[in-house]
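Scrolling down, you'll hit the structures one after another.
You will see two complexes here that share chain A, one where it goes with chain B and one where it goes with chain C.
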Partner chain A sequence: MSLTTLRPATTRGRGKLETPSQPKRNLLLTIVTGIVLVYSLIPLIWLLINSTKSQADLFSTFGLWFGHDFNFFENLTRALTYDDGIFLRWLGNTLLYVVIGAGGATLLAVLGGYALAKFNFPGKKAVFAIVIGAVAVPGTALAVPTFWMFSRLSLTDTPWAIIIPSLISPFGLYLMWSFAKESIPADLMEAARIDGASEFRTFWQVCLPLLAPGTVTVLLFTMVATWNNYFLPLIMLRDSDWFPLTLGLNQWNSQAATAGGQAIFDLVLMGSLLTIVPLIIAFLFLQRYWQSGLSAGGVKE
Partner chain B sequence: MSTKTTRRLLAGTALALSAALGLTACGVGQDPSKAAAEGGELTIWAWEPTLKKVVEAYEEEHPEVKIDLVNVGTGNDQYTAVQNAISAGSGGPDIAQLEYFAMGQFELSESLAELNEFGADKLADQFATGPWEGMSTDSKVYGLPMDSGPMALFYNAALFKKHNIDVPKTWEQYAAAARKLHEADPKSYMVNDTGDAGFITSLIWQAGGKPFTTQGTEVGINLNDEGAQKVTKLWQPLLDDKMVAPITSWSDEWYKGLGDGTIASLVTGAWMPANMESGVAEGSGDWKVAPMPQWEDGNMATAENGGSGLSVLKDSKNAALAYDFLEFATVGEGADLRISQGAFPATTKDLNDEEFLNRKFDYFGGQQINKVLSDSSANVVPGWSYLPFQAYANSIFNDTAGKAYISNTTLSDGLGQWQKSLQTYATDQGFTAK
Partner chain C sequence: MSNTITTPTAHTPPSSPGAPVTPRRRRQRTFATRTRWTGWGFLAPFMAVFILVFIAPIIYSIYLSLFHTQLVGGTSFVGFDNYVRAFSDPVFWGGLLRVSLFLAIQVPIMLGISLLVALAVDSGRLYGSDFFRISIFLPYAVPAVVASLMWGFMYGRRFGLVGQLNEFFGWDIPDLLGPQIVLASIGNIVTWEFVGYNMLIFYAALRVIPSSLYEAAAIDGAGQWRVITAIKIPAIRGALVVATIFSIIGSFQLFNEPSILQALAPNAITSTYTPNLYAYSLSFSGQQQNYSATVAIIMGLITMVIAYVVQLRGMRKDA
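Here is the complex of A and B:
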């Protein structure tokens, strides 16, 4: 740790001394980073610019510059009111799935990770193996078996079909586990117990605050996963009243490919923009925790 | 997953079908209008946007009826959903929207209610031939047609005028016009095509070909008959000389191309105007509609492209009520509601209605396009039938015949491969393939 604060007293003939906080400029690296930056930002800029266009301008004007008319607010109003405001309903659905699904997944991951890190019980190694194995299986591969299971339970085409599978996050559990292992000193728990705190109180008042960065990291992970979930709702839901935004936007998009359907590419773009804005806001607010959470456990102390 | 279950299902039912054919006696059904007065609940799976108002009107007229209209996806998405619900034995709708090419698939697996018992067969002369044949087999009615897609030539008249191109009356003239246009402006194409089963089969239909025949469990597939040969002879040189824009229909690039002059014409179904008005706004005033190009000068023969009807599923507990809605939506008040929202009718009464025929379309420069489209509807070549597994057939078109659009394979060889794959599939399903 002390290395980062060390500053060279003198600079000798070899030029500036490299330190982690003041690395030497590398032209190649700067260029490569610049390209990656442009590459990642261009789709966003494109989306932002094209959300201001009418459908006619969308097709007739250059993609990376504004069209003849500025239709941003008109598009916004239309997207929010189209088909009796179905977009707001989809937004509400997505929020529901995220709050209950991702929130619940985070809670379960924190509880489970803490228990696995700090308690010894028979079968712990088996649980570890299963969790590690589950991390390796992509959720998409489990979607179809999950569908059959839910179909038997008559839960398809209900919000539960999205919420229940979203509650399970093996990766979140694994992350919380390693985080809890590193960040909660055994002595501290010992001290709390000696002072007479119950197990619950030890967890709630002593350990949980220490777990905050990890919790936020898992929350962000599960939030993004639930927010962007497409395949699971696609096979679970039929009724568009329960669609999350991802499916709703796809339905809007496919309207253009339907005989007699109304092409609404302008609304699809505005809808996409509205869909990513909440995620961008969440990242801006929580990124400090996100960074410290990810790097936690990376350094041996 | 679904192909395997469908296959088993089809193989089983195909065999059972022949045994069951003699046994289905006509039971006396409940009276539909009585069922409507008594009320009940209906679930409809359909993507057709104009149905929403029809449902509202029906519920207003029959306060005891509650209808849940659900859009579970367009075309194939819907068929997969319906198929899944049928094999699961629950969760399916009472009424499903089916395109004419897809009806046979569900009829064959005995998933659809026969509607003769409600008197549907007496409605035959109220519908245009093409759509009616699409919803019935051997005088058994499995659904009522909702809309139709008699084909016509939609063309960018402004672009034609700019390059001095006359509206082609025959396919020969059409091909010549395609060359003239592309020569005058290399960025402009007469037509786009990247392989579209619906389009090619419609052209074969118009040319008098009958590639698909079904009799009981016997399926005949011949994609090299006289009609098909006419089509490949027309299309191959255009493909060879790159006169066909490599743009896939319904993509955003397609919409863009229709607006900016990259694609100068479309030969497609009568439902197209609604899509053009909403998706190609900048083409307003430039486009016009002409009769479909003919194989023989002076003749008038057309084909259908697309269009769909409503069917009652066999599992429906409210079949009589469902049928009452079908009549309301297709020949009753609902039909007028749908036409007023831009749907193209399948009923002869509406197709010949003065007001309908005389309607001027601002988008098409005030042209009375329904006259052309209705005339096309009256001249559809009769006797066409699709395969009992056409949805599957269309899904493998691009893997076989589609090669002709991207490689050196000729269209006729490609169609041959398609035929071969289809015959293999038919045999696997328990059909006798010819």
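Here is the complex of A and C:
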């Protein structure tokens, strides 16, 4: 600890004062990293620009510049009202799956991670081995047999078919376990117990606030996983009234290929934009929390 | 006061609840008995759902993989026949080979870029490093469906950028959705989606390196490159292993991107393009549930074995 206060006055070989925490800015490095930045942003910019185009302009004007007409609001209105506002229905479905699925997954992961980090109980080692092993099980390998099971239980083509599998995040549990282990001092729990707090109260009032950054991190990961889920709904759902946005967009896109189908690429692009905007906003707002959660827990040895 | 009660935490040896040594043993034992099962109370909800959506499907698909269903003759137990069939199935091997090639090329490129960006952002030598970090991470928020649609449109010759660039500059960029190149085009989409995610995992690990290490290195006169190879990379080894394992899993279960691009490149991407697409089409268009389950199990096993090996090798201290 005392080492952190010790700072070298100068680095060897240079006249300038330079501490490791305040290095010199480097233009060349900025430009090189800038290539990756451009690569990351160009498709998003492309999407933003092309969401303003009419379908005719999509085919006839340059992709990285605006078309002849500025159709953004027209496209927006059409996307939201097309087919009796089916897009809003899909948005509602997605929100339902995210709130219950990702919210539930986070809750289960927080409770379970807390249990694994702070208690000893019979079978703990076995639980560990199985759950950590499950992180490596490909989700798609499970989805198909889950479909057959759910179809026997008559759960397919209902929201439960999406929500129930979304409730489990082995990676979330793992993150919460390592976060809880680091962030809750055993003394604090003992003190709460000595004061007569029940186990539930100890968890709820003493430990949960300490777990907040880790919880936000897990919530964001499960949110993204549920919001972006494609394979599971593809298998489970036939009725487009229960589609999430991802499946709906794919249906719009393949509409051009089906016989008698009308091509609506302008709506596909507008729908894509509307699909990613909420998540991007959530990321920007919550980034301070979840980055500390990621640093403190999880991805350390 | 807080020393009078020893709660069974992770630090306590497993034998301690039954072997009290302090004079306070009576009180300690009752408390230990009371708390012995408390952990399960918190863990039970997770485990109940986990059994329903993880354990049960795995057992069910193992069961299915041991049977064979025919239109005539019904279902019969066939032992490992389905597995034998898979190992001599050129379609399955073709898909497996394809995702292995994908894994061998795409994953190192993606993780390499991620690591370089993470090191650059962490070095503090970028102008506007927060902007870099957040912007490069943004594609992670884009669903695979949207990413594949966007890139698919851009690749395309209809209203794609590629066609326009060819026309404008007189270039001859080949058809990115053609059979020869489409795997690389998929690799580009996956790289785009996950460079930022992996960068963030590395960056988060870099942030928790104690600054005393850097100061010691500076006193020793170590240069930037030496700091990276001697301090930073070894310190984030755990993150590197985790990212590699997730990338391996992702490669082997490649499904979304080829499945969506299929509509744009029907000639290049078949319904058996990857093992997962194969399992999917076996199950939903081929009505061969038993064989589909077998393919899924084999892929799951291969993934787990490789992930395990990577973990063992990666975590070895002397590696």
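Quick notes on this structure:
Here is the rule we use: the second predicted complex is superposed on the first by the 269 of 301 C-alpha atoms of A that agree within 3 Å, B and C clash if a C-alpha of one lies under 4 Å from a C-alpha of the other, contacts with A are read in each partner's own complex, and residues count from 1 in each chain.
Keep this in mind: contacts are C-beta pairs under 8 Å (C-beta built on N, C-alpha and C of every residue); 3 or more make two chains touch, one makes a residue touch a chain.
The structure displayed is predicted, hence computed values, not measured ones.
Using the contact criterion defined above for the overlaid structures, shared-chain residue A:Ser240 touches chain B, although it does not reach chain C. Of the two partner chains, chain C is the only one touched by A:Val224; chain B is not. Once chain A of one complex is fitted onto chain A of the other, the partner contacts of A:Val144 extend to both chain B and chain C. In the superposition on chain A, A:Gly260 contacts chain B only, with no contact to chain C. Once the two complexes are laid over each other on the shared chain, residue contacts for A:Gln251 go to chain B alone; chain C is not touched.
When the two complexes are overlaid on their common chain A, residue A:Ala109 makes contact with chain C while staying clear of chain B.
The wider contact with chain A, measured as residues touched, comes from C rather than the other of chain B and chain C.
In the superposed model, A:Ser272 makes contact with chain C only, not with chain B. Once chain A of one complex is fitted onto chain A of the other, the partner contacts of A:Phe59 extend to both chain B and chain C. With both structures placed on the common chain, the touch criterion links A:Trp160 to neither chain B nor chain C. Overlaid on A, the two complexes show chain B and chain C touching the same residues of chain A, namely 59-60, 144, 254, 257, 265.
Within the complex formed with chain A, the residues of chain C that make contact are 1-2, 5, 7-12, 14, 17, 35-43, 45-47, 49-50, 52-58, 60-61, 64, 113, 116-117, 120-121, 123-128, 132, 134-147, 149-151, 153-154, 158-161, 164, 168, 192, 195-196, 200-201, 204-205, 207-208, 210-212, 214-216, 218-219, 221, 237-239, 242, 245, 249, 252-253, 255-256, 259-260, 263, 276, 279-280, 283-284, 289, 292-293, 296-297, 299-300, 303-304, 307-308, 315. On the chain B side of its complex with chain A, the touching residues are 1, 45, 47-50, 70-74, 81, 88, 90-91, 147, 149, 250, 252, 255-256, 259-260, 269, 271-272, 274-275, 278-279, 281-282, 306-307, 342-343. Within the complex formed with chain B, the residues of chain A that make contact are 55-56, 59-60, 144, 151, 154, 156-157, 238-240, 251, 254-265.
By the touch rule above, chain A contacts chain C in their complex via residues 3-4, 6-8, 11-13, 20-27, 29-30, 32-34, 36-37, 39-41, 43-44, 46-47, 50, 58-60, 62-64, 107-109, 111-112, 114-124, 127, 130-131, 133-142, 144-149, 164-165, 167-168, 170, 173, 181, 186-187, 189-191, 193-194, 199, 203, 224, 227-228, 230-231, 234-235, 245-247, 249-250, 253-254, 257, 265, 268-269, 272, 275-276, 279-280, 282-284, 287, 291, 294-296, 298-301.
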